[in-house]
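As written, the chain order gives the labels A, B, C and D, with residue 1 at the start of each chain.
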């Protein structure tokens, strides 16, 4: 007897284990770019715009090989492979998902740093209270790398001066 | 006169419109054997419609390439028109049995023209195979019909089935005829000339759009003609004993029986097709030759009057 | 290894170094002038009957020691021993030439043409030095696997390929690049007389995608698992397993036992679906569509199972260096058992149907015969080799994953025709089912992924698996940081395909698709990765090189 | 779903431009009993001249480029539908900028453009530049796409179903959530990474969630250690899965170990 499935004339759900279309939950994504580094076909891009102060995480389903490495490395569980599979479309732009996040503006020099505000919030959640207070990190995380390095250098110079004196 | 017109209309309908339906049924039967739903039985109509509406792309400027499908279509049509539909034979004259063989060969010639008119080794190979196949099977068909003619003492296709008497040789002749019709119809395992996976549909490889549609349609009509011949030889001798074929109702009834038997045979063929692999051309020819030799023996028996 | 002494006695001083790389791998460095002698010595060794040329790797080691190198990897199979021997020679950077092995062993043909294409290392005395791998329009004297070539450059040259002249009185019958019988593009030129095939030329590598170069440049260790899997869409998992095994051996990573068993089960499931696929294709090619449909209907059960076990029907994506990414929970084990039960009852019926179809058997019997002697000369492997009487199987002879703990038979037939290959595959399906059942029973507990710190650089090692089509050999030379220095994947078909012309000769074009398909060719496997103008003068080459350098720059627009 | 199909007969030719075979096998797979594309009027033909549509797979290697171009030109001038199957054909896939892959010089090889370029579109644009007509193009990504995905794409082409996906663009305005787990975030991440090595990335979140539920309950009681042990025993009896039980036990041990170490002030950098 015919065993043919009724699909596409009925709805059909892929099994829960299926690695289907990836999707970024924009509420959870912190823009750390772990997925960008892990992605073998470069389907996820990180595009920083230091003039407008934004970071775009761009996911292209049309480039994705559905290996789920992004899901494996994502620290917040924002990117997941759903079990949806119906991605066919006559327009490649339908395959694009963009999450645009704000970058931190350095409190010292006013330039945009290379990390997002959400990344900072996540870091603050992880770090234990004692360390935060001890190192006055709450302040320092909003400073860009250059200024921080400069600050360290200045501090060292001051310190050496003290020693010399 | 009215009766003639009715029969003529039905005949035209059968010849032009029935073959795609038969193909659809055959596809459905195969699908069922393969545990599939399969295409709708009208799928072949859709296919032909879409092909006939499509502008072809011409790989060569040769006229032969362009007219080959029409030759094939015309010869298939001519072959079909020689056959009895009920009591009605559209074109009847003594000796039309030779014409039947001749137009069938014409069809194959059209295929060969199509195959050799382009410089493509697939189409050439296909044309080659068609030639070899036709040369090996036409004699079998000829012998089979010859036995019938001998038996019925008639050379007209319309006349033969009405005049045969049952003898042992006749039963063998039916077997021969069935074989010849099957092979000539190009059903698996004898779809060697159009083998898709080997030589990409052979002579049809370079055809497209409307021309391809014509060719496909012609091939289906040719199959119908061949099978109709077999069915007529099977049904008419029996029907003539049950009912007076020459009356209008008798003719219609016979036609109906012919159609039913045709459907049954087509389905059986679909089953055979579904459970066989394609033969190689040399294997097929060897087999045909053997059958031909057997056919000669049958002819001899028939000549002796058994 | 006892033969090393014998070797030392024979070649003495000219053996530069012998070192053990892994428990069954030795690397022997020799002088480049005796390279071919040593290789042939092992290949023709009277006591090692099933020795074969497993792979050959050319490497641009100029950044490391200012030299090129080539390694011939030989595997000792059958009942003889469990050994892989690499025979390495360094070649000077300014004149990388070595003596070709092909005149003595046909199986080296493609390997040597490949290093010539990709690295510009010239095998002297090669009987057929045409281009093999690179596209027809690739400029000569640009060698993509050299380290000074950027992986995404793609210089344009003039399109040209020197096909062989057809023999007298024959016509050319091309199969491909787009032939319905070949799932993938490949180009066979059959030289035919009527329907009979007189000779055959092959131009493949339409699916050459530069995987090795991408792996060496753009990807990290873990990412390469996924590109290795995409070497082939049918037997991808064996490729990623072979790659992982190589890296694990180089990094001395201890893979948890549970991971090994899970790999074994997946490998066998892959073999199941691959063999069923092959049976279907063979039926389809002979016009027997019912067989095709039923074989693939059975295969679908395996596909669904794999989808639920790993998340994808084909590219399982569960291999990582150090183990696997998904575990078999209890309900997944039950699913496997259900599918095996279904397969066992229905597969027997399918085989009966096939063997009782007279027309199908007629097409397979006595067609495409590859006698044992030729099989050995071409170093063919897998079901093709076993159909021709070569008694060798990587799973048994060089146990990897969990195969050492499991019990199974290796079917061998002597006839060497298409039917024998079909029978080998049918028996292997039964064996696979049996292997999976055992592995499920013995599935140990514990972790599934090992943790490792760092993989030491510049270690060379190979990983091998028995793919459904034969032996897969992945050579890895680890590199600094998180990258490989040299990666060479050799798929089973790479050894099998060159033997096809020998199998085609004397049969008809109607048989050609079936014969080609009977080795279960996988062009994409083979071609992951033929016009060097040997006669042209030096001056011209220089000019061309300059020109090509310009075109490299033009092609690269960031 | 009851929409009348635009086309009732689609003859397709299969064009592989250097794919890994995965998509090609799935194309054959849609003809087999479970999917049976013949229902939709699809027929695989052997010659591009017979085809309404071209099913393209593969990243378009340079060696394939010429043959593929010839094959598309050999199709009848109308309708020349291109069905792009698989990630490689959509955008070059994982191979997108390897040296043997064809790319137009405008496309560049290492850019950050999106939608990502590569694959068969490079050839289609070349053909359009040459003035050849190329009909509608439909993209079916996937690596490889499931047979259902391909059927869905073809059904879309026939006008039987509507497309479901649309491009998405989010900005900060969607809001940010930083979910608070019942246990310390550092411990959670440590356990999560540990679980990856035991049951793998796929099952770990579900198991960890269940575990945290139990921990939450246990921490409310007076003797959390004993309580957690009891809860886990109950949980294991209910779930009846050897692996999950194993993980639960492991998590229990790990949890107390890490927690004690943390409260003792020892530094833990398990996760990175």
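Definition applied: contacts are C-beta pairs under 8 Å (C-beta built on N, C-alpha and C of every residue); 3 or more make two chains touch, one makes a residue touch a chain.
Since the structure is predicted, the reported quantities are computational estimates derived from the model, not experimental observations.
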item	value
For subunit B and subunit C, chains touching each	A, D
Approximate Å spacing (C-alpha centroids) for the pair subunit C, subunit D	27
Centre distance in Å when subunit A and subunit D are each reduced to the mean of their C-alpha atoms	19
Subunit A and subunit C, separation of their C-alpha mean positions in angstrom	39
Intercentroid distance (Cα basis), subunit B paired with subunit A, Å	68
Of all residues in subunit B, the ones touching two or more other chains	31, 34-38, 196-197, 200
Junction residues of subunit A - those touching two or more other chains	2-4, 14, 17-18, 40, 65-68, 72
Where subunit C touches two or more other chains at once, by residue number	179-180, 226-227, 230, 293-294, 297, 307, 311-312, 315, 325
Chain contact graph, described as a line, ring, star, complete graph or other shape	complete
Touching residues (chain side subunit B, partner subunit D) in the complex	27, 31, 34-40, 43, 46-47, 49-51, 54-57, 59, 196-197, 200-201, 204-209, 212
Residues of subunit D defined as touching subunit C within the complex	13-26, 28-29, 32-34, 44-46, 48, 58-59, 61-64, 66-68, 71, 93-95, 97-103, 105, 108-111, 143-144, 146, 196-203, 240-244, 246
Partner subunit D, residues of subunit A touching it in the complex	2-5, 7-10, 12, 14, 17-18, 21, 26-28, 40-43, 45, 47, 58, 60-68, 71-72, 75, 77, 85-102, 118, 121-122, 125-126, 128
Subunit C residues within the subunit B interface of the complex	171-174, 179-181, 192, 194-195, 283-291, 293-294, 297, 357, 359-360, 362-363, 508-513
Interfacial residue positions of subunit C with respect to subunit A in the complex	219, 222-223, 226-227, 230, 297, 304, 307-312, 315, 317, 325
